[in-house]
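One chain, chain A, links the two complexes that follow: it is found with chain B in the first and with chain C in the second.
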Partner chain A sequence: MRNQIITKEFLSAMLKSLTKDYRVVAPVRNGKVLEFMGISGDTEIVMNDEIPYKSAKDCFFPQVEKLLTFKDGEVAANINAEKTIIFGMKPCDAEALRVLREVFLAGQYQDPFFQSHFENTLIIAVGCVREKPGCFCAERGIDKSFTDFCDILLNDEGGEEYTVVYLSEKGMDLLGRFEETKHILPPPERKAAETAPEVKKVELNQELDETAYFDIIDWGKATEICQGCGICTFICPTCHCFDLKDVSMQGATDRFRCWDSCMYPKFTLHASGHNPRASTKERYRQRVLHKYLYVPQNFGCTACTGCGRCIRSCPAGMSIRKVVEEVMEVQP
Partner chain B sequence: MNPYLPARAEIMEVIQETFSADLDVKTFKLRFADGRPMEFLPGQFVEFSVPGMGECTFGFASSPLIKDYFELTIKRTGKVTDAIHALHAGDSVWIRGPFGNTFPLALMENNDLFFVAGGLGLAPLRPFILYALNEQNRKKYGRMQMLLAARTSKDHCFAYDYAHWRSVADTSVDLTIDNPEPDWHEKVGFPHELVKDMQFDFSKMYAILCGPPVMIKAVQASLMEMGLPIDRLYTTLEMRMTCGVGKCGKCNIGKQYVCVDGPVFCMAELANMPAEY
Partner chain C sequence: MSFEIQKEKIKQICRELLEKGEVDVIIGYTAGEIEGTRIPYIFSKPEEADKLEWDERCTPNLCTYLHGRKDKVGIVAKPCDVRGIVNYLVESQLKKDKVYIIGVDCAGMKDDQGNPSPGCGECSVKQPPLYDMRVENPDVTNEKGAPPEAADPADLMEKLERFQNELQKCILCYSCRQACYGCYCQVCFMDRGVPNWQPATPDLGAKMVYHLGRAMHLSGRCVECGACERTCASGVNIRYLIKEISDFIEKTYGYKTGLDAEDQPVMTTYAFDDKEIGFLGGDADA
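And now, the complex of A and B:
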């Protein structure tokens, strides 16, 4: 394996040299918070085992993105994603992108804005050394040290070095540009048994009809401490609901796509005043069932990768894992 | 194709539909500025933009057989619809679509059709009614009955259509209002009560309902009690929508998205979905 290794010092220099040709996004300390941010030559890239507060979802589906501009009787779409390299996505975040790809690119309509970001981005994922409080990726069937939904995968060797493999042609081409990495190989074939230790998975029974889950537990009791603040949806790597908002200035109107949240009352409020999901109970149930039942039924993947962000960030101490486990105890 | 990109359309005519002080419904007749045809099927909808004010979802209200213009019937009820109602013939707006599924026109051939509409609920049914009443299509369907309800005599939409609809063979139009009024010679009362006095052949009939949820539920209950099987009842759902293309998540009910899997649903389908609408 010796020849599959690079030093963190070299990687940092490599990423900085790539800023000439790419927008390079990496974990950077922003005050107390570790965030994915664009780097420049003098940025300090954080290369420890911490998980950034937000996922790198913004790089594919920005929190606020200008989609259209109306001006002088014409309308134009702003599809101009920069060539981007993201360093430091954890396997849970890379796997979450699999869900976003299905939502935005599968089916009858393709989202050209997401597609442009997705196709212009190269992902350098980094395996986790250990689980953080709230993490449950193993229970979600994800290997904390491996994902193939990336172009290059690194694993921290516990010091100043990473082991490196490439998972795509894009990854191979990038490594081929540097003398120090052009010999790097793809991973040896893995046996499923080696990477899937026997853990009880957190998942719902896909065979059941969705109506069966509506009263399967006391959702009101399960959600009585929820404040409805929506932070869980904003920091979630798979949440993808959005709103469109217009802003007019100097004779032109820009139409922005902004993250929205199923935890907010207005999300489903009809113009008539009727609201199909009138209280937190219905809204939280929607969040759980959408992630664990509807997305799996529609796309064959679960919209929760066990990254634990919603559990760590909830001001009330809600845990989606505990709620799903409560349902699992009583589901047929 | 970018499904978020609208095309410019021009308002050709604005028609006032209702005349009560507290209800303002207008029909907007539109055509694309570049002359392209609007190809759609009954039940489908568009996203209608007034840049700066926002975008709203409206079902087609005109005949799908007419390609060079289309009509949308809109109740003034919020920020975007206030802005739309302030527009006049000659003004420009932005339209994307058509989106959504359609009433099963072929499945319903050789059957009687019973349309029940409450107020503005007639708008999304009108494309199907006009399609079926067309000379070429009328013989494909059996008896056509329409029961059109409104709160008062001032609130029936498309009142200018009724004389023509009534003139077509084997076609009836019953109008009703909630309470008696002087000079009102049509029916009085709620549709779920009135259907009980109507004659149907449930072995070869489809009922298509649209209106306030409370009306839809009550009429469905009456018809099923009288013997209409649930798979012969259809409706079109209203949900808050943003994208219209199954991405934004707002109109999600169970695993269905009303914008792409609907808005037209068979009641038998709805019975197996969570009642979150």
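And now, the complex of A and C:
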């Protein structure tokens, strides 16, 4: 395996040299938090086991994205994603991207904007050394040190080195550009048993209809401390609800897609003034069922990878894992 | 007196209140899923009192959970929580007979690194200004703590730069609003469709509209609990701005929020001799 190793120093220099041809996104310290940000030659890339507070989903599904421009009776689509390299996505984040791909590209409708970002991005994932407080990826069936939903996978060997493998042609080509890495190989075949340790999974029974879950637990009690702030949806690697907004200025109209959040009252407010999800109880239930029931039923994968961000960042200390476990105890 | 002794006292008070049926529920703290964290919990049975926690990690402002409740509520309240309750009384958002305040002397809260929690370092109100039952800590007095880390620059352009530097981190998720005891508007100005205050895209302008609007709305209402800064996942500190407004109000009108339930809300009281320097500029002493 000795040949499969690169130093962090080399990797940092390599990423910086790539900024000439790509937008390179990596974990960077921004004030008190660690965040995925575009880097330049003098940015300090954080290469420890910390997990950025927010996922890197905005590289594929930006918080604000101009989709269309209407002018003089013509409509122009803005499909021009920059070539991007993301360094530092954890296996939970990479697996979450698999969920987004299913939602945006594999269903009845294909989203050309997401597709453009997806195809123009190369992912350098980094395995986790240890679980962070609130993490539950194992219970979600994800290996914290391995994912094949990336182009290059690194694992921290402690100290100043990473082991490297590539998992796609894109990854191989990138490594082939550097003398120091062109000999790197793909990972040896992994047996399923190795990658999936026996842990009781946190999941809902997808055979059941949603109505079976509407009153299965006291959702009011489960959500009484929720403040409805919606930070869980913003930092979540799989949350993907959005709103479309038109902005007219100087004879042209731009149509933007912006993140929205099911935790906000306005999310479901009808023009009549009626709101079918009147309180936090209904909104939080929707969030849980969307992740653990509707996406599995519609796309065959659960929209939660156990990254633990929502648990760590919740100002009231709500835990989606605890709530799902509470439901699991009573579900038929 | 340590947190541990206070905790046993609070537990006993809560158990008795629930046993005697003097309150329907008690809002207090319990252990969170992440080790060491303390989260809000609504206690409704006497036996639940064993789960109650009180230590230097009890950071959330529980006052915000009182708003809109119809039942009789007991609350484990730090001095900043009590200041929030007092301001609810001042603003007629709560009837005193609907709340039983277990006021707890507070030696200051810590974050997970052991540093003072936002607001705690410079806190000057460490004993509850109003209570039905007080849990004392003789080591704690109402002395002013350390001044805030960075004083606000005097130059207007520097002020703007500092403000915008903070805002580049903001993702406009509105967590600070939701965590704030004082943000209880049924429909926030940012959520209104008509007029639409919120620019269509969450750029710097939208962030400025929101944070300046919220700061203005909190004039003379902030109780310095630090919830906004503590809650922010993105690490934005907008509290310094609101603190500046609070200091201005204290200097101009001699009013400190949440200390006296008989007060009139400072910004809705009119006086003929008011120089209105908040609008017109000038100096309070001139």
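Please note the rule applied: the second predicted complex is superposed on the first by the 332 of 332 C-alpha atoms of A that agree within 3 Å, B and C clash if a C-alpha of one lies under 4 Å from a C-alpha of the other, contacts with A are read in each partner's own complex, and residues count from 1 in each chain.
By our rule, contacts are C-beta pairs under 8 Å (C-beta built on N, C-alpha and C of every residue); 3 or more make two chains touch, one makes a residue touch a chain.
As the structure is a computational prediction, the values presented were derived from the model and not from experiment.
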item	value
First, second, both or neither for A:67, with chain B first and chain C second	first
Touching partner for A:245 - first (chain B), second (chain C), both, neither	both
First (chain B), second (chain C), both or neither touched by A:209	first
Partner chain(s) touched by A:186 [first = chain B, second = chain C, both, neither]	neither
Touching partner for A:277 - first (chain B), second (chain C), both, neither	first
Partner chain(s) touched by A:300 [first = chain B, second = chain C, both, neither]	neither
Per-residue touch tally on chain A - higher for chain B or for chain C	B
Overlap of chain C and chain B interfaces on chain A (superposed complexes)	245-247
Touching residues (chain side chain A, partner chain C) in the complex	30-33, 35, 53-54, 63-64, 133-134, 224-225, 227-231, 234-235, 245-247, 256, 258, 261, 264-266, 311-313, 315-319, 321-322
Partner chain A, residues of chain C touching it in the complex	32-35, 37-42, 60, 64-65, 169, 171, 173-175, 177-179, 191, 200-203, 227, 230-231, 233-236
Chain A partner contacts - residues on chain B that touch it in the complex	2-6, 8, 51-55, 77-78, 81, 92, 94, 213, 238-240, 242-243, 245-250, 252-255, 260, 272-274, 276-277
Complex contact set, residues of chain A against chain B	67-68, 70, 73-75, 77, 79, 103-104, 107-113, 209-211, 214, 240-248, 253, 255, 260, 262, 267-272, 274, 276-277, 282, 286, 289-290, 293-294, 297-298
